[in-house]
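In this document, chain identifiers A, B, C and D correspond to the written order of the chains, with residue numbering beginning at 1 in each.
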Amino acid sequence: MDEVIIKLTKDVNLKDVILIEGLPGVGNVGKVALDHIVKTLEPEHFANIYSKHLPPQVLLDEEGITDLVSQKLYHYRKGSEDFVFLAGEYQGSSAEGQYELSYSLLEFLVKNYGVKRIFTLGGYGLGKMLETPRVLGAATSKDLVEIFKENGVVFSKGEPSNGIVGASGILLGLGKEFFGIDGGCLMGETSGYIVDAKSARNVLEILSKITGIEVDLKDLEIRSEETEELLTSLREAAEHEFTSEDEDLRYIG
Amino acid sequence: MDEVIIKLTKDVNLKDVILIEGLPGVGNVGKVALDHIVKTLEPEHFANIYSKHLPPQVLLDEEGITDLVSQKLYHYRKGSEDFVFLAGEYQGSSAEGQYELSYSLLEFLVKNYGVKRIFTLGGYGLGKMLETPRVLGAATSKDLVEIFKENGVVFSKGEPSNGIVGASGILLGLGKEFFGIDGGCLMGETSGYIVDAKSARNVLEILSKITGIEVDLKDLEIRSEETEELLTSLREAAEHEFTSEDEDLRYIG
Amino acid sequence: MDEVIIKLTKDVNLKDVILIEGLPGVGNVGKVALDHIVKTLEPEHFANIYSKHLPPQVLLDEEGITDLVSQKLYHYRKGSEDFVFLAGEYQGSSAEGQYELSYSLLEFLVKNYGVKRIFTLGGYGLGKMLETPRVLGAATSKDLVEIFKENGVVFSKGEPSNGIVGASGILLGLGKEFFGIDGGCLMGETSGYIVDAKSARNVLEILSKITGIEVDLKDLEIRSEETEELLTSLREAAEHEFTSEDEDLRYIG
Amino acid sequence: MDEVIIKLTKDVNLKDVILIEGLPGVGNVGKVALDHIVKTLEPEHFANIYSKHLPPQVLLDEEGITDLVSQKLYHYRKGSEDFVFLAGEYQGSSAEGQYELSYSLLEFLVKNYGVKRIFTLGGYGLGKMLETPRVLGAATSKDLVEIFKENGVVFSKGEPSNGIVGASGILLGLGKEFFGIDGGCLMGETSGYIVDAKSARNVLEILSKITGIEVDLKDLEIRSEETEELLTSLREAAEHEFTSEDEDLRYIG
């Protein structure tokens, strides 16, 4: 069995695509953001990516129909631009698998359509709750760093200190080194404790500005408010706990 | 050494086979069911599947004769139908190995005989003991879902929530995507704590109805009753324990 | 880099060799036995087996000279028989690696010299200390089982219950299935807690009878006695401890 | 994607190079030493080594520009000698990966330029703090052992008892067995608890003597003194703790 098999479900006629990735990761920020794009823009599903580097598993839809685990490609045209969205329930299940999946995808897209830019979406986990999460950035070129900054992306020396792990990182790295493609990563700050719709909303807002894709953020804003309420109640619970403890101590003392 | 080596032990003349799989898994439901078929129908053993993705191990028979770990294929003809049974002590030992084993088997069967349908047998672990375990289903097509339902298979939205992991899942997934074969999975509900003959019996009963294979369930029913007795005594022991604890507490109080 | 690289250090002219393996394992019985053969018979070292499936490591000799981790082949002629001994500090570091190493070795030996029989040496770990450890057997054919029995090897139904794991198992399994070679395994019973020279001595005694190789067991007997003394003192210490505890209890009572 | 991809960033004209490796390891001694060479000698960066056996990750520079994880090659000419330095943030992420990376590098260098000697730098972890860490050695030939000894390298029977693990080991082992290249390893003794600049300094001092490369050790000596101060304060803290405990005990007694 080949390492990675990309199977077209629809013939598409694309040129110099802009690839946007949002796979699972810290706080699932990238995945929530990309899944929201797919839900609201209803881009055309045109290919599945199967691989022995994905879990050996089928998922089931509501009717009990099987779906072999895959990553999925969608096409969306905006003006003269061809966007390709990469979504999925899983990243590659090993370091080698991660490389094989990202490399094969880029090779496929470059060979068949050309790729002119890559945007990857992810979360930056801080391990603590945040009032106003920022969107941090990284890019393959100074030009893109400038464009990111102009659109409100924060560049903070030494953050994230470990760089970017997984597809959001190596799609950029492999794209730059082996295919000569520029790209950048938008990382929404997140506690990492929950599926973070608020952070995803912030990422999408900036992605819209940069790419011109118009995404209706309403639904995500509702989920985002729910996220915020959840975080608030977690924070209050935590504070309350400490207070009670203090009271107990005082009581005991 | 090749990834997977399928070695014929007997020449067989098969056409458009129906593949039925039952390898180890949750509660060993699939394995118990399939091993029971092999024991009672005495199908013809015609091939062994060796692979570096199986444990590096030989098993010993009662006389101390070695048997290199393998999965085994059996042939059974019923009317004009050729059934192939896939049995074994082990599944592939990694995600990649699982894909290699399932893909190679399908490729071999399709190339040599043709495959018209796949049924996979497994357990659905609930982590708790059940009075009347159901048989849940999943399938690659709506037609098969209907056939399953007509034969008493339960389709329950969101169950199993993680889909189907291992050979029972990807034989269906790979069969559908790469070989155009329809198939379905029968999953017997089980606590997952024991080798569950009762659940296996239920699975076989439905498999018989769907495929027309007549399996003598007597032995399995005896084992199934033993399973039930074991479960009952476990349940009673658990209940007794709680009662005793309550009594103890009352005694102490 | 190739999976397995067998590098001749000396040209040898062998015919229909008898392969004897003794690599690390439970109680290191097989390794101690084979290393003793190499030490006393001084067979001719003629090849090293290198592989990415062995640890990425060099060992150092007493002078600080490096030796890339390898398995080693030795040749010994007794009458008209060519024996090849397989020794080493490590087994393959993964299931796949185990298969690659054993398969490549057999392929190399069969292609270049022919192989007429395989004997593998190992330990059977019982997890408890034994007064008189037996030597258990397994073989690829009934004929060999008979020969083993005649020479004092014990065949005990269901022992070892998991079969034989590692090179001692799959050299036999692969030899039988893919190269048509008969062979057997001698397993010395051992607690598995210590490097067990006593068990290795028993294995060698029987191997000598079966193969006609004469091995001076004196050194090993001394080590074996030391093993026994160690075991005795461990046993006494254990007993003493229990007694003391009893005394303590009585004292307290 | 190929196992290992070596990408030239500059055309270089080298002959019979001397390879010097310093990758992460115990106490990061080898890495600190080599990174110091690169910082002070400013050799010419001429190639990156990418591989699916490295972490799937990009690192970020101070401006947020991505850099796909790689090992890096530098060139430095001293008189008529061509030195190549191997640096990097990571070693191969599996045993197999380690072999692939080291083998591919040697193959590349031998094929394109020739390699006449290999020096690898590493740490020898002792698990305890040392007043005066020595530099231990290992080599592929007696000649090199002698040269090492003449330059103050210590050869101590049975140290390190496990040989040398990772690139520092197998570059020598593979170089000797498959490419006929001599080489040696310098191992600075270290506690292994900290990034050990003092040990790295000692290693570099000897490397300078052996190779004729002149490295300004000033900066490293400052870091080395800081290391020493840190170690001293750790030692004193430890002693103090024990003293306090004794006092406490006396106090209690």
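Everything below uses one rule, namely that contacts are C-beta pairs under 8 Å (C-beta built on N, C-alpha and C of every residue); 3 or more make two chains touch, one makes a residue touch a chain.
Worth saying up front: this structure is predicted, and the values here are computed from it rather than measured.
Interface chain C/chain D: under half of the residue numbers present appear on both copies, so the contact uses mostly different residues.
Of all the chains, the one whose CA centre sits at the greatest distance from that of chain C is A. Relative orientation of chain A and chain B, expressed as the C-alpha superposition rotation angle, is 90° to the nearest 5.
Distance between chain B and chain C, defined via averaged C-alpha coordinates, is recorded as 37 Å.
Averaging C-alpha coordinates per chain places the centre of chain A 53 Å away from that of chain C. For chain B, the set of residues touching two or more other chains is empty. Interface residues of chain D facing chain C in the complex, by the touch rule stated above, are 92, 95-96, 98-100, 102-104, 137-142, 145, 155, 157-158, 160, 162-167, 169-170, 172-174, 176-178, 185. Of all residues in chain C, only 1, 5, 7, 48, 50, 52-60, 62-69, 93 touch chain D in the complex they form.
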